[in-house]
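Inspection log for the structure reproduced underneath, given as structure tokens.
Per-chain residue numbering starts at 1, and chain names A, B, C and D are given in the order in which the chains are listed.
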Amino acid sequence: MTDVVVVGAAGYAGAEITRLVLGHPGMRLVAVSSDSDAGRRVSDLYPALAGCDLAYVPHAQAVTLDADLVMLAVPHTAAMPYVPDVLARGAMVVDASADFRLKDAAQYERWYGVPHSAASLLAGAAYGLPELGREAIAGARLVACPGCYPTAALLAAVPAVEARIASADGVVIDAKSGVSGAGRTPSEATHFPSCNESVSAYKAAGHRHSPEIDQQLSAAAGRSVHATFVPHLLPSTRGLLATVYLRVAEGIDTEAAHAVYADRFAGEPFITVHPLGRMPSTREVCGGNRAHIGVALDEVSGTLVVTCAIDNLVKGTAGQAVQCANLALGFDETAGLTAYGPVV
Amino acid sequence: MTDVVVVGAAGYAGAEITRLVLGHPGMRLVAVSSDSDAGRRVSDLYPALAGCDLAYVPHAQAVTLDADLVMLAVPHTAAMPYVPDVLARGAMVVDASADFRLKDAAQYERWYGVPHSAASLLAGAAYGLPELGREAIAGARLVACPGCYPTAALLAAVPAVEARIASADGVVIDAKSGVSGAGRTPSEATHFPSCNESVSAYKAAGHRHSPEIDQQLSAAAGRSVHATFVPHLLPSTRGLLATVYLRVAEGIDTEAAHAVYADRFAGEPFITVHPLGRMPSTREVCGGNRAHIGVALDEVSGTLVVTCAIDNLVKGTAGQAVQCANLALGFDETAGLTAYGPVV
Amino acid sequence: MTDVVVVGAAGYAGAEITRLVLGHPGMRLVAVSSDSDAGRRVSDLYPALAGCDLAYVPHAQAVTLDADLVMLAVPHTAAMPYVPDVLARGAMVVDASADFRLKDAAQYERWYGVPHSAASLLAGAAYGLPELGREAIAGARLVACPGCYPTAALLAAVPAVEARIASADGVVIDAKSGVSGAGRTPSEATHFPSCNESVSAYKAAGHRHSPEIDQQLSAAAGRSVHATFVPHLLPSTRGLLATVYLRVAEGIDTEAAHAVYADRFAGEPFITVHPLGRMPSTREVCGGNRAHIGVALDEVSGTLVVTCAIDNLVKGTAGQAVQCANLALGFDETAGLTAYGPVV
Amino acid sequence: MTDVVVVGAAGYAGAEITRLVLGHPGMRLVAVSSDSDAGRRVSDLYPALAGCDLAYVPHAQAVTLDADLVMLAVPHTAAMPYVPDVLARGAMVVDASADFRLKDAAQYERWYGVPHSAASLLAGAAYGLPELGREAIAGARLVACPGCYPTAALLAAVPAVEARIASADGVVIDAKSGVSGAGRTPSEATHFPSCNESVSAYKAAGHRHSPEIDQQLSAAAGRSVHATFVPHLLPSTRGLLATVYLRVAEGIDTEAAHAVYADRFAGEPFITVHPLGRMPSTREVCGGNRAHIGVALDEVSGTLVVTCAIDNLVKGTAGQAVQCANLALGFDETAGLTAYGPVV
């Protein structure tokens, strides 16, 4: 069994990682950490995890424990202080924070407001989006998992850009996220009466996930490009839908565009590309580690419309982290992730 | 008092028109019609309208009654048979259906599947979006009110196009609507477990409101243009948000773009243009006849992002119909529409 | 015009009072107060109230302004310090807090944890539930409005108890409230992911509204009685439903029980008693100052089931406050309250 | 492997059974049936079940297939025609419909409107609520699983009645259910705008689950008793909360009442009895086969308040069916049911 420590396990992302590790056939959960909830039991904070009687320990204690795998779900800037030591102790690290996603430490400092304290690790960190590059993840010692927005946006945008059926310039990403993406800390924006029966854009063209999307889209394009990214807050707990608009290359019709996606993701265990005429809903991926994709083409204007639905806390966070850990550690990629989400 | 008949009053749009007419200081509701619910009382079908003891009569009976104003909220193709006679009897008509919105009868037939039976009236029908052209509505005998999608999309897109600060080509409209926009008839798509906790695109680049948006955007551009329009279904009863993406002209910065909207809608009783940095939510317009607009500019890619929030059944339907009737009949434009929506 | 000051206007209750005063034909809003949001404009905090450009002033300033009517929507214990001075200056007071509802100062101290600082005013304060006693309100200088739970519970329970068709002992009140009842301050319990897609009881048999319900139920019974009151939190913003269970007196059948309610509330402008077989929903009263009541009888066990639906922020708070002010000041009881809520 | 056929697999209950069978370590899904969706693939109707490429066959075909276990999730009255033949062929039957729950065929006819066509099987059918009687289920050939309302109501009521700490007379069950309990067929009541942001009672004291609750409560009481049962529809997809009110016996205090529940369910793998002061939410059981229980006592009136939260489609339907099948067939009782539900 692989001994696992989850750091930052009291937040939603960490609790979902906890849940998946508890159900993983090859993993054993040895510790969970939380600074704010240290001393409380998992099943007290999350009654859904009935039977898990581990108590949260402080982060600083958790990172010194013997473990084969340390999964971090602390906020950005809080992961990088721990990672070098954990790696030095020989554990594999899957980081669900933003700390090791950007390759350029200057970009990191610009968007997160502090210098990167472990910049030498950035080059070696694998970007944890298996369907767009699982080679780098297999055998990696440090995987930086993308968050929910980049996951859905990139799965929708990259195949067309890679296949050169659409321009990598002028890409528009209109993303809609459930409220759990904002985490467990109450705020005015996440107060039920504030966001229920409502939808609104926020941080239009200025969200922290934008440089990460650009970095990966540029890699696909082979040159530096920039996408316009506008997130919206939805009145649902879970679910994230990215609707991506790209200018299609001349001569590409609807069937050809669809075929690019169907071919690109053929055989992927966690991706469904719907037939033409069907668009995915976030409901159909809720609770599962899945990404469902729909393709349409506005042939009049030559605008390709690709939507990608994921569960923001599973394929968008915890499921992806486990999937990356599976790849890095040599498990079957789907181990611990085969449970179907609820049908409705 | 202006005697008003509401045709198609048992659907959501018609019931909201009924509600507003009941509260209008210069209007008297003389009849409401429904074929499917004929004989039932308004307060029985809609207990919120307690005290309104009118019973629904069949459409065919309602359109022959003496009235100064006939407001139609029947489905598309069901309004055009009645309108010529009603006009001939001397009543003014506000039509909330799609039947008189498109100027081109061939377009109508293409999108609605039947020939237009009153095509000679199309040229004279005023397009009922007062903030983008109230002159044509004042004194009109037939007003074709746009639906919720075109209202929000056009309020967001037209000012930039008119002012030539953005290209009229390549416009992308990503719209999100509450479920009440689908009307009162149950269906698989509107079944609570189907759409709750979910979001999805539908009729991507193929929705019936697309030609209407193009018609009005082309008028603003002074040439024929086409926008990509993708509607989404939201897990809320009311509210519609259009997020519009336009390629900005060179030399236009964020402040200049914002100023175009602030100036364009200065003094409008029902429109708020938020200061830079603030985007509207659908919650803040729920229940009121308002459109709230936010502006942002992605200066890296030159993409202008404009969001417009409305209540789909008020500014998107019934409120707009009353506003148009006010203009056409010489009432104060805000008569019957001054009640604030709930604060939360 | 009656000059009105709203104290505690930045919370949900105060903002709804603000909204209703703005639309009242005989009232003029002269000031709104908030300590936490002093200096901000109403339309900035509540964009739904577009056009209201008053800025919040501190409470201490607001209560010294010239006003004919001061409406307080501050939290419990925060109203009583202001009320004696405001009354002394000659203004009429409608208090939406709990401070003047209980007649017994010892009870107040027991449930609210502090001695009552204006206990001499308790005897003279009118209990502001017009349909169960409007005589005391007419001409009152101080009205203590009940909150949402007592309003719905008492409208459902009192008629049967008064008419002696049911026992005043063993009454069970199972109440379900939307989240806005918890106010505007974010908390773990009101965080969207906490309460969305969920329902739970809280403070079972120990809620602060319990003594107030008992006080009024005892008055109806003519002796001291106690009801079991269990509130629940619902995944909706607005709406409150009280389901009340009473043991029916022998010989009372379904029709007789229903007749008691229909007769008791006949002619009430804001109450609908549904015919047998129909139970009210909170949706049908949303946004209006209404209470809708349904009656059923379990003839096997002799249990009378009465449900009462209200909008917690209108009939449960702000609308009731305006209704009481209308009665106290000699306006038509329905002034400013005639707007219908949305049909859906 | 146990070969399983799911009859009525296209409805929500059947689809959840399908999902659980697909993940069961000892079961193999050999066929799924639907008359209305015959020919469609499971993954087409329920994209969440991606990878399940079985196509629905008609019921009449499914019941003739070789199977070790036939699980029925057809509507009431539709199961009884198939069961005798299926049993005769040697398969074990778990029936999630109401057809074999009532022991008294006359009662069945009274509530379901048709004579029972297989009444001779009623006496031998085990009532499938393991925590209140798993002995009868072990080894049974026909298990009649209770639905969501009786499951939650009985888990909350029976321990107090069995232990004689509360009267079996005058029990009140106020139950709140998510909309998925109404099934997959759209209707006016389940139309999103009808039930969103709303709560209402329905079939007060006249619901079909009432005789079933009475039957089991009477068994616990040792005499014929009747509980008042009032279901409510909640604006959530899943979740069911039963709030049960019982008159406590003299001398029983809060701790004693709580101890009865804690002792009764000690060691149960799927039940948590919360400590005093904590009440369960439906969110915490969503997606898992769990029942969470909270206990409070109104010591003034001697009213015991017990709430029980379940996921209506798991512990209320499909999970319970699998749990019963496990018991009947000799699997570990928790086989296929160990996956945790989402934490939020």
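Heads up, the rule we're going with is that a residue touches a chain if its C-beta (ideal position, glycine included) is under 8 Å from a C-beta of that chain, and two chains touch if they have at least 3 such contacts.
Just so it is clear, the model here is predicted, and its values are computed rather than measured.
Set against the C-alpha centre of subunit D, every other chain centre is closer than that of B. If you compare C-D with A-C, the chain pair joined by more contacting C-beta pairs is C-D. Put simply, the C-alpha centre of subunit C and that of subunit D have 38 angstrom between them. Computed centre separation for the pair subunit A/subunit C is 46 angstrom, with centres defined by C-alpha atoms. The set of subunit B residues that touch two or more partner chains comprises 12, 180, 184, 193-197, 235-238, 280, 283-284, 286, 344.
The touch graph of these protein chains is complete, with an edge between every pair of chains. Put simply, subunit B touches subunit D in their complex at residues 12, 179-180, 184, 186-188, 190-197, 235-237.
Of all the residues in subunit D, the ones that touch subunit C in their complex are 169-170, 172, 174, 176, 178, 193-202, 204-206, 226-228, 230, 232, 234-239, 241, 243, 245, 247, 279-284, 286, 294, 296-298, 300-301, 303, 305, 307, 309, 344. Partner subunit D is touched in their complex by these residues of subunit A: 12, 15-16, 18-19, 22-23, 43, 46-50, 180, 184, 197, 237-238, 272, 274, 280, 283-288, 290, 292, 313, 338-344.
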